[in-house]
């Protein structure tokens, strides 16, 4: 009998998207709850290795559709493939990661399967054989409990909402090759190329911002080059060393670099980086303020940030009142250590 | 009685609000600090149709009514007074005068490009030695064949260095009563003998352009004379009926800006463990600002309504301008008080509001001039006679038709 | 080219949205055109400016949604149509997709249907692909740029924004496209457009007018709630060395799910 719980593994150029493994792990849990095996779907060309990884993360079997028409992700092709498999084996639920690709795939497959899609879910509760999901709506201002009355229930899971998956390389399972049902002749699109996006993240679009303030110039023992003799220029040089550290942390986090007005006015960094009443008003998921005391005008520009982290030498700095996490310490010590810690954890 | 704005009013208001927030908001502090008007503003206002908002479509305008002009001025000045000043001189003091007094040929030649924003217009009445005392002006226009020769200097002219056409009032006759010896001319500022310059060191409207126009033997064809010879004083006064309307509506916007900034700050800033908005003396300031805003708005909307009806509104416009500008100065001052020390710094906008508010209490009739006017009307010393040409009533069909 | 652009009326993004007595409330904040849909209207107008043609704005919703359509008209769309029917009251994305697809068919001879990235109320971001599927058209989603378009040969080449960068895709018309911000900042409504919109009579199409079977909703959302207020607990991270502090801090940040 075919398994009732399926998961879709999103891969790009033969690499499983990390969020996929969280979905496999979440699917494993759900399958155990309902007493079913877990089937993972892996589509692509030459992606057998991805199928093996899916088993390591908890799949009992993998349906592997491997062939040229699936080499590049095209939502139409993937949806046809997925719908065909689901029509044949009638799973109750298919879980997807909330990546751009998988979300669209789930949406399109819902049409083929006369079912419904529940995107970007942060929690699942089983009620009978129906899964009641929780999903943020209105940009997270509200939570909706939602469910789908038809089968299969197509659900995409938000990354990092379902815990960290553990791979077990000793696990084994069956990889079943299935026929590729996509006929290239009927496809209306061709992926012709990729281009990387340009490096700098803009402040207003950034989901993570690392900011620096006056504290960036507070490292007196930093010795400026001999040719910088002017005291003000020495201060600016020191601050720039601080912003280099901030920039490195930002790079690891894919973040934008911000600054307080004090830092901008002192000439440490251009105005385009200024956050606050007189700069940009931002509301990222994560705001790391380093060496920023937190004048009210700066707070006005970033207080809606979801998680605020403050790093400051002065334990009485007002920024700590707003911060979810605070570190009383020198940004010159903490920021590089944090960069290293994230590098390790985010696998970069 | 109908206090409801229509969809066109609301749409225009929203569009201008959107424009200033997106495009002017991010740069206004910097421009104010640099004491420079950003180059893109006038072409952009032209391109968006703001410079022709209430002129008939047949003359290149957008065909909206006079109330919309007021609403637009309010929205512009919520952002910065310098934007509203553009409308005061380009539209209120110049273009509307051509609409009112100009011949069809003059409208085609001058009004159409102004309405389209291809040409920017200004107004030259004030002189170094003649402000409120209009009849004391010394600029002259001497008739020479089918031309006039203009000499003199105009001072405190908004957009002096940015505009293409100026409506200049000069003395054509020294013999008669000073009020009857003035005439008005539409002068292209690229004519020989004209020099212009900016005045720096102003207390406010620093992100705008205020300057002077000097004329030395500037030859202007008779075609450029607006109205009859000797009609200059009447034309100038009718210009002020429109200019003051834009100033009053704009100052109402400045009251709103002070009010909104104060509300935001009072809800945000905490002292003694609670938001400062919880303190009654802060509440009192907010309450007064609400009162001033609502009253100022009713006054200008009434003046706009009278203009739409084609009714004389010198008295109502004067009252709207006097009240709104006085109260905008007071509101900005109170807003600074609400903001405390932060309000005193350029960290927040309210100190700019205060600096910007003071000018309008002085120009286009000082508050004292308006007090004399209002007393004059009340006591029966003053009465408005009929003009040879009145500002045309707003006729939607005529205004919106292509030709 | 004939382009249909789909727009939705939503509470302003700055609104304080909350649940009161089980109902979603946004206080006295205005309802506005979904901000992402403004980008879609802009994209559609840019396309017809370059290639000729008309843009028809379509919205599904109650009478209020006419405001979003009027905004689209004021920006320069030549026509607007409201789809409204009591049977669509609780429509899920699938039902909406079927209704929109039927409307696009009814408009007729449409070369492209343009959507915003997502609506900021439901945050589903699946309507464009679902409409495409119902129509059987390719879905060119998250398009940041059209690098080539041949209206006669009905081919185009677009750049899509995906997680890994930009993807360049060739496709055929008719197609469904959704656009991201990079496509171009939406224009303001023009004054002439505002007047036109204020005078426009917007036709209302019922489910029967669409002449298609709109399936009943299968997705329901019986309960909405306010997220628990985040307590800012001012947790001070301590440790013996910067490395130790950084390790604890990095773990805690990752736990919050914000990186």
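Letters A, B and C mark the chains in the order given here, with residues in each chain numbered from 1 onward.
One rule holds for everything that comes next: a contact is a pair of C-beta atoms (placed from the backbone, for glycine too) under 8 Å apart; a residue touches a chain by one contact, two chains touch by 3 or more.
Bear in mind that the values here come from a model prediction, so they are computed numbers and not experimental data.
K.L.:
Going by C-alpha centres, which chain would you call the most central?
P.N.:
C
K.L.:
Taking each chain's centre as the mean of its Cα atoms, which chain lies farthest from subunit C?
P.N.:
Max centre-to-centre separation from subunit C belongs to B.
K.L.:
Approximately how many whole Å separate the CA-defined centres of subunit A and subunit C?
P.N.:
Each chain's C-alpha centroid was found; their separation is 22 Å.
K.L.:
Between subunit A and subunit B, what's the gap in Å when you average each chain's C-alpha atoms?
P.N.:
Spacing between the chain centres: roughly 52 Å.
K.L.:
Per the centroid of Cα atoms for each chain, what is the distance between subunit B and subunit C, given in Å?
P.N.:
Taking the average C-alpha coordinate of subunit B and of subunit C, the gap between them is 41 Å.
K.L.:
Using the touch definition up top, name the residues of subunit C that touch subunit A in the complex.
P.N.:
11, 13, 16-19, 24, 92-94, 97, 120-127, 129-130, 132-134, 137-142, 157, 159, 161-172, 175, 181, 215, 217-227, 230, 232-237, 241-243, 245-247, 249-254, 256-259
K.L.:
Which stretch or stretches of subunit B touch subunit A in the complex?
P.N.:
29, 268-269, 342, 347-348
K.L.:
List the residues on subunit B that touch subunit C in their complex, please.
P.N.:
6-8, 11-12, 14-15, 18-19, 48-49, 53, 62-64, 400
K.L.:
Where on subunit A does subunit B make contact in their complex?
P.N.:
Residues 261, 277-278, 296-297, 300.
K.L.:
Under the definition above, what is the set of subunit A residues touching subunit C in their complex?
P.N.:
For this pair, the touching residues of subunit A are 12, 17, 75-76, 79, 99-101, 103-104, 106-108, 110-112, 114-120, 135-150, 158-161, 188-197, 205, 207-208, 253, 285-286, 306-309, 320-329, 333-334, 336-338, 340-342, 345-346.
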